[in-house]
Each structure stands twice: as structure tokens, then as C-alpha cells.
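Next up, some structures in C-alpha cells.
What follows is subunit A paired twice: with subunit B in the first complex and subunit C in the second.
Let's turn to the complex of A and B:
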């Protein structure tokens, strides 16, 4: 069942268009991550849904009803922010209680609601504390508890892990899906961290240039990116690229990388002659082959359990390979190797439009 | 190219509120041409150390020498040290290009050579297109690269890089790490980089000095730090995601060594997988802290039973959180795995991947069946 639907939504400030004609549907209980760089309008989108700002045009419907004329507090929406935004003069319990009180709940209902959500988020032992007495992790949980307290149909989370340390961010990333599912709410989750997006999302909506350039499962976003821009945003190190063109002859279809012809899937034949950007993910580069693209290892940079090689072809094309650090025979700087590219991580994009060609 | 020797250096900041002992009896040698990372969280003493080497802070006790010459009493400019600052510190009225060539003014290099160097450095750092712009008109990442370029373009006995890549655009970071490492090696630059980011330290450094509370915890290669952490602090600090640590009781007999982990799981290994000296050492202790890295905890058959909390695929690896007797343990696979939340799983770990620590002192007892 569609719980949230956004149709032809546009927002401008004067002549500045933040976005134009956004469409998005989210099913009940679904976690949709809104992913994009800073300044792409992610937070503004949440504010429009919450009702604290008005769209320039378009329709937002919750549970099948247009909410244009419904006040924020009656939309069934809960929201948590990256800076927590707790009321400093209220205890954690009173902070969590605010949406329940705003909805006019009776005192015993308020108490029960606060206790239930505090227990879920493991902050029931600090409910009497003022925000300044809470650790960053507890503040963040309190903010989340407040957003969940009134059992909203729609939960809007604006980069909630941004201001907590790396360890806590990692722990929360593992814990959040279970919490969110228990709440039953439909979640729109804003982040700039691709790992967080992939880890938490049922679907990811990539916002860039005022549009959703791709809305799909993490698997589709990573394995079948719609554009070069999307491919670059997901993955660390990010995808290697080279500008080239597709050529076909009797031997098959190939591109030229650093002066060497490299065979690609025959399915690209329909695009022969086109100017393209060739892309290959670092983890899809195999350097243990005894033939392929000749390259020299410039530098070896171990990253935790993976090791990244900076490689260069004789004509100067630089690219990265990422191997498990446990791999046998990781080459040394100066070593000459041959690279081969696994098809699953190889993508070819139209050089003009940036769109991925379907091989 | 020069050797740096830090000998019993203390830094104490005096104030009316009480003294702060920021660096405690630090001994550290950086070999000529070596790249060393000072790694730790904020307040660990790494930046105080860097500032003492650069000459922006006095040493309270001890000596610092570079290329055989004591430098700790010299003015910063007389130390032969080039530094890239975390806050960039570019000269606002000079262009990016002028900022970089300013560092060469005192070098007596011919003008043409100076220009050639700046150009090559700018190309390496991908800022050749902004050399005529002013710092205020370029992004933070570009300013950071300019600051790094200004330090590296000079000839210096020692290069000090303070959080040199923290602001870099993610799409550029991995390539620039490789290029910078290659450059430092080619030019045999003796380098100290200060960072709180272990990824950066691992990627660039020959050796990493892990600091905490003003004390050097361990000074070793990235591989050694991973395989043989000296104590529980280093063990849990190095490695992402962090090491799983369990309190466990040791039960051993002639055939096998067993660890009874809190919550009831028992991990048993044939005695032959533990060295004789380790078994003797374990005979005297009953309680240990058992460390297992997420990458060494494998899904499949095994004695560790639990329920999946989350299974998160990140493109090149999968993180699986498992509830084992009420606590969450993390397993990482380099492959793509799928396990539904709530499903039952079993996990195993090989004897060679066990890290044993003394729970009281935190010091390592054994790694992989051998005494630490």
C-alpha cells in the first residue's frame, strides 16, 4: 500500500529552483533513503513533507490524502534532525513527550508512550536528564525517540547520524533497521554517506540537479547505475573512468584504454562508433592475469582489509584496483601487471548524456 | 632526507587550573625517507608532538634531533621542516600558484625551475586549473591540496602533514593517496603525518605510532598493528569495524584449549594449535579478554550461535550483525552474503585469528596461538 506519494513536486525560492517535478512513492513500512550531496535540497524536501514549508507546486499525499491544507502537527509525521534540536530546558522525557502533548494525549498515555519508545531506544535510564547531561549518542536517541513517540505514519530522518562519532554511527547503522521496522513507520532517511544509504535503504532515491536521477534498490544503484554521476557517488574508492569510444569489428566490440584495445561485452555492438565514458569499479579490476591491459603499479595503499593499487598504463591512464588484503601475491610498487575487468563492475556511459548504455 | 629522533619528550601545559601532561616521555625514531603516521583521537598528544617538532611549542623535557642536529631549541624557520597545516593557512592576498611558489622563494632555485616544480606539483594534486585563483574563491578541498602542495614543493629535511587529506573530495582521495605516497617515496621524503583517520594512516604510512592519553601505545607497521596489537587499546582502535571483544574463561587440558565466553558459548581448539609456551602461560590465568576481528569471524558452521540483527551489503563487502546471547557481534565478509534479520546463524573463528589480552592490564597475552 502506498503510504506517501509525491507528485510533480517543485520548490523555488524566487528565481532559484531547488527542484522541479519530483515524483516519489513509498509503501507502508518502507525505508527510502534520499541520497545526494550538500545543497541538493534533501532537507527542503523533508520540510515540505512535514508541512513546515510550502511547495511551489505539486501534491504530497499521505495515506492517500492530499495534505496541502493539513497543519504539520496533524499530518502524522515525525521528524529528527542532524543537530538533534532538543529543547534544552526540558528533560529527555519531556522532550520525547512533546509530540504526544501537542496531539493532546492524556497524561497516562503520554507516560506510557514515552516509556515504550525510551525502552526501545535503550534510554529509559536517562529520562530525567537534561539534554546537556546526555552524551551525543543519548541525545541522538532522544531525538529519535521524540520523532517516534506519537507513532507517526511517516518518519523523516534528516542525516541523524551525521554528528555522532564513527563508532556510534557504525553501531546505530546496524541497529536502526530493526528499530525502524518495529516502529512500522514509512521512513524517509536523508544522508550523504553512501554506505549508510546502502545499509539502511529498501530503496535509494538519488537527488542531483533538482531531480531524482535514479530511484532503485541498493543492488540496482550499485550494479546498474543509471548514470555516470550515480556510479561515482557509490563506492570507495569510486569507479575508474576513461573517455574513449566503442568500436566493433570481426573480433568483437572494444574500447581503447591507455592506447590498448580492451574487449567489452558484444552486446554493446549497437553503440559502435559512439563516444563513451568507460567505467570499471576498483574491486572489479583483476591484476593477477597473464594477459590484458599492461600497467605498472605506482603505489600500494592498504585500507583496512582491502588494499588499493594505483596503476598506470604506459600512455598515462591512471586507475585503481581494490583487492582483499588477504589476497595472495599483492604486487609491489614498480611491478608490471596485466589488468582484466570483470563484467559485473564494468559500465559504459554515453559521454554526452552520462547515461549508462545497456549492453 | 634525514633521520628524526625524538628522545624522552614531555609536553606539559601549565595553567592556573592545573597542569596538562599532553605528551609523556615520548621516544620515536623516524628513519630517513620513512613515512610515519601519528594516529590517535583528539587529545591524544599527536598534534602537540607535531607542533614541538615544527617549533611552534617548546618541549618541556627531552630532545628532538633531525639529521644528527638538535633542533628543539631552534626557531621554526631554522629547522628545515616543511609543514602543511590542517587549517590550510594559505596567504589570502596571494593566488594558489603564488602561495605554492612563495615556499620556493628562499630556495635560490632558478625561476624556471621553481615554475616547473609548482606546475608539476599542481598537476599531481589536480589544482593546475586554479593556480590563478585566490584561496577564498576555491573549495575547502582545493585549499587543502594547495596547502599540501606548498609544503611538498619545498626541499626540506622533514615534512610534517597535519590531517592532510581530511577535506578531500571522496572521488579524488584514493587516487591522490596513491600519487602522494609515490611522490614521497620517489623523493625519499622523511615524513610525519598526523591523523585521526586510520584509513589514511594505513594507506600512506610505513609505520604508525598509535597515541592515547599522551602515551605512545605502539609503534609498528600497519600489518603488525593489525596482526599483533600490543594491548586492548590498539587492538580495538585499529581495524574497521572494530574488533569484537569477549570476556572469557580459559579451560585447558592435554587435548584441547577452550574459551568459555560470557553468555555460554565455548570455543575449543586442539592443543596443538596453541604453542607450548602459550599453554603454560594460559595455565596460570583463568580469565582473559578474547578479541576476534570481524573479518575473522566467518558465517557457516561453528560454535558461536546467534540471530541475525542486520545484514548490510556495501558494494564490496557485507557487514552482518549477530545477536549472540544478548550482545551484538559483527562479522564482515568480502563477498556478498544475504541473511534475513531474525534468522539463526552459526559463526566460527580459527585459532590463528584469536587475540588474547589480560583483562586487568589490557596487555596482549597471545596472537594466533603464539605468545605476544
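Let's turn to the complex of A and C:
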């Protein structure tokens, strides 16, 4: 069942267009991550859904009903703000109790509700503290608890892990999916951390240039990015690119990288002669082959479980390869190697539109 | 770590003492004057050796001023009552009008909003004498001359801009997200204003209220022109001490001591509200 639907939603401030004609549907209980860089309007989208700002045009429907004329307090959404937005003059417990009290719950119900969600988020020991006495992690959990307390149908989480330290962020990334599933709410989760997006999402909606450029499962986004932009946003280190053109002859279809012909899937034949951007993910670069694209290892950077090599072809094209650190014989700087590209991590994009060509 | 040397400590002590003496000496001196007769006050050289008397205070409270030329009626206590009534009512009216207005100016952008706010502020820098003549004419034709209502109305020129501009700043400092969070949690706009905005701006409202009270209390010229003896506050009432037989320094000093007591007490009481920091740590900076 569709719980939340957004139809041709636009928002502009004066002549400045934040986004234009957004469409999105979320099923009950689904976790949809809104992913995009800063300034793309992710937070504004959440505010529009919560009702604290009004869209310039378009329709937001919750549970099948248009909510344009419904005040924020009657929309049945919970929201956690990036800056926490706790009420400084109320204790953590009273902060969490706010939505329960507003709903007119009896005192014992309020207490029970607060304790339940506080236990779940492991903040039951700091409930009597004022917000200023809480650590950032505790503030973030209190804000989350407040959003969850009244068990809203729709939960809007605005980059809740942005302002917490790396260790807690890692823990919460593991914990949150379970917590959110338990709540049963439809979740819209805003983040600009692709790992967080991949870890949490049922589907990811990538917001860029005022549009959703791709809305798909994390796997699809990673394996089949719609555009070069999307391919660049997901992956660390990010995808290697080179501007080239597709050519076909009797031997098959190839691109020219650093002066060397590199064979690509024959399916690209239809696009022969087109100017393209060739992309290959660093983890799809194999340097153990004894033929292929000749390159020299310029630098080797070990990053825990992966080791990243910076490679350079004789003609000067630089690209990265990411190998498991456990791999046998990782080349030394200065070594001459041959690179081959696994087909799954190789994408070819139209140079003009940036769209991925279907091979 | 403490890098302050003994010299610095001593210097700091001396400087603080100098500042305190500078600011407190007049008050102490006036207090001493209030306990003396005109003769001991005016002797040369002045001396700290005198027998304290409370005649000045009894004269003010009973309303009987005895001078060399005979006995004189004083209505200082009536002036005192007028001061309290005018100041309290003016500040109350200003708060009722000014706090919601300050919120509107802080939160909503509307046509001419800035112009209206600035016009209100400009009342603060226009000299009072500029508006007094037209005002006194209007007051006559409206029948407001020598009424409390009229004076409280005019006092809005003093109190309202002050409260509006100070409180506006405090409202602007509250993150709109805090208010949004309260609304999303299921509360109406009005509940949010009452339960979130007002409590968070409380230090500002207290400070603005206190300042407005002091300004209203100290006002002289409006009441001098627009009211007669029975409605005038202490500031104007003090003129009565300049009598035909000379200036009654002792009574003036006693009157000053009595008239600064309410504002002093209020300032001491409100001090704890003036301490900021209530909103620290609620919003990640």
C-alpha cells in the first residue's frame, strides 16, 4: 500500500528554484533514503512533507489523502532534525513525552511510552537531564526518541547521524535499520553519506539538480547507475573516468584509454562512433593480468581492508585500483602492471547527457 | 593554569575599587545627606560627623514639610504611588502589545515589516519636546490631559520600542526548528508560542521589561506637561522641594533614596532572569 506519495512537487524561493517536479512513492514500512549533496533541497523536501513549509506547487498525499490544507500537528508525522532541535527548557524525558502529551495520553501511558522508547535507544539513564547536559550522541538519540515516541506512520529523519562522532555513527548505522523496522513506520531518511544510504535503504532516491535522477534499490544504484553523476556519488574511492569514444571494427567494440585500445562488451556496438565517458570502479580493476592496459604503479595507499593503487598509463591517464589488502602480491610503487576491467564495474556514459548507455 | 602575578591581582583590585567608588559614591553621599538637616549638609567644609535624623523621611511619609517659612503640604507619597502605577501599567501594556509584535517581526517577513519596526524604533531617538506641543493639544481635545490612561498611552513611546527591539532579537535567536519540532509533535501554533517561544525568550523579556520600567520611572517631561500635581510621578514631584525659603536638600536626598528603592529591588530580583544561557546546547551550533 502506498503510504506517502509526492506528485510533481516544486519549491522555489523567489526566482531560485530548489527543485521542480519531484515524484516519489513510498510503501508502508518502506525505508527510502533521499541522497544528495549539500544544497540540493533534501531538508526542504522533508519540511514540505512535515508541513512546516509550503510547496510552490504539487501534491503531497499521506495515506492516500492530500495533506495540503492540513497543519503540521495533524499530519501524523514524526521528524528528527539534523540540529536535534531539542526543547532546551525541558528534560530529556519531557522532550520525548511531547508528542504523547500533545495527543492527550494519560500520565501513566506517557511514562510507559517514554520509558519504552528510551530503553530501545539506550538513553533511559539520562532521562532527567536537560538537553545541555547530554552528549551529542545522547542528544541525537533523544531527538530520535521524540520522533518515534508517538509511533507516527511517517518518520522523517534529517541526516540524524551528521553531528555525531564516527564511532557512534558506525554503531547507529548497524542499529538503525532494526529500530526503524521495529517502528513499522514509512521512513524518509536524508543523508549525504553514501555508505549510510546503502546500509539503511530499501530504495535510494538520488536528488541532484532539482530532480530525482534515479530512484532504485541500493544494488541497482551501485551496479546500474543512471548517470555519470550518480556513479560518482556512490563508491569510495569514486569511479575512474576517461573521455573517449566508442569504436567498432571486425574485432569488436573498443575505447581508447591512454593510447591503448581496450575491448568493451560487444553490446555497445549500437553506439559506435559516439563521444562517451568511460567509467570503471576501482574495485573492478584487476592488475594481476599479464596483458591489457599497460600502467605504472605511482602510489600505494593501504586503507584497512582495502589497498588503493594510483596507476598511470604511459600517456598520462591516471586511475585508481582498489584491491583487498589480503590479496597476494600487491605491486610496489614503480612496478609495471597490466590492468583489466571487470565488465560488472565498467560503465559507459553519453558524454553530452551523462546518461549511462545500455550495453 | 593561572599566570596572573601578584602585581596584576593588586592592580585589578585597585581598579575595581576605583570603579566602585566612582559609581557608588554619589548614592552613599545622598544616603548620608538624607539623614541630615539642611544646616549640616551645607556647612563648609563638609564633614562625616553628624547626628543622624530621620525627620526627612517622616516629613515625606506624613506629607508635612516644616521649613523656616512655616509648614508646607507635600504629596510625595501620592507621587510615589503615581510612579508605581504609571510604570507598572505602561510596562504591562507594552509587554502585551510588544511581545507578540516582536515575535511577528522576528518570524514573519511581511510588506513594510522592516519599515514599521524602524518607525517604532525612531520614537526612541526623537526628542520628547518635539512631540509634546502637538500631543498636549490633542490631549486637550481628547480629554486625556491629566489622566492615568493618557500618561500610560504616552509612556508607550518609551516602553514599546524598547521591548519590541530587545525581545525581537531574542526570538530571532531561537532556532525555528525548535518551534517546528514542537508543532510536528502535535501542538498548535498558539501552544508553541506559549510553551516554547515565550519561555525561551524569557531572559530577554525580563531584561526588556526591566529596562522599560526604569525608563518609564525616570521619565520627567511627559508627566510635567501632560499632568498636574495629583497624577505626577516622583520625578516631577521632586520640584516641590524647591521652596520659597530655599532648597530642601535633606528631603530631596530622602526622596531620591525612597524613589530608587523600587527599581533597585526590581533589578536585583530580575538579575537571575537576565542571566542568559538557557538555550545553550539545545541546538548543535
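Quick note on the criterion: the second predicted complex is superposed on the first by the 359 of 359 C-alpha atoms of A that agree within 3 Å, B and C clash if a C-alpha of one lies under 4 Å from a C-alpha of the other, contacts with A are read in each partner's own complex, and residues count from 1 in each chain.
In this text, a residue touches a chain if its C-beta (ideal position, glycine included) is under 8 Å from a C-beta of that chain, and two chains touch if they have at least 3 such contacts.
From a predicted model like this one, the values you see are computed outputs, not experimental measurements.
Could you say whether A:73 touches subunit B, subunit C, both of them, or neither, answering first, second, both or neither?
second
A:203 contacts which: subunit B (first), subunit C (second), both, neither?
Neither partner.
Would you check which partner chain A:47 touches, where first means subunit B only, second means subunit C only, and both and neither mean what they say?
Touch status of A:47: second partner only.
Between subunit B (first) and subunit C (second), which, if any, makes contact with A:103: first, second, both or neither?
So A:103 only meets subunit C here.
Using the superposition on chain A described above, determine whether A:305 touches subunit B (first), subunit C (second), both, or neither.
Once the two structures are laid over each other on A, A:305 reaches subunit B alone.
Tell me which partner A:11 touches in the superposition: subunit B (first), subunit C (second), both or neither.
neither
Indicate the residue numbers of subunit A shared between its subunit B interface and its subunit C interface, in ascending order.
The overlap between the subunit B and subunit C interfaces on subunit A is empty, containing no residue.
Where on subunit A is subunit B touching in the complex?
167, 170-171, 173-175, 177-178, 181, 195, 198-200, 218-219, 222, 232, 234-238, 281-283, 298-306, 308-310, 318, 320, 322, 324, 326, 333
Using the touch definition up top, name the residues of subunit B that touch subunit A in the complex.
170-171, 173-175, 177-179, 181-182, 185, 198-199, 202-204, 222-223, 239-242, 295, 309-310, 312-317, 319, 321, 328, 330, 332, 334, 341
Which residues of subunit A touch subunit C in their complex?
47, 50-52, 71-75, 77-79, 81-89, 98-99, 102-103, 131-134, 136, 139, 143, 146, 150, 163
Write out the stretch or stretches of subunit C touching subunit A in their complex.
Touching subunit A from subunit C are residues 175, 177-178, 180-189, 191, 196, 199-200, 278-284.
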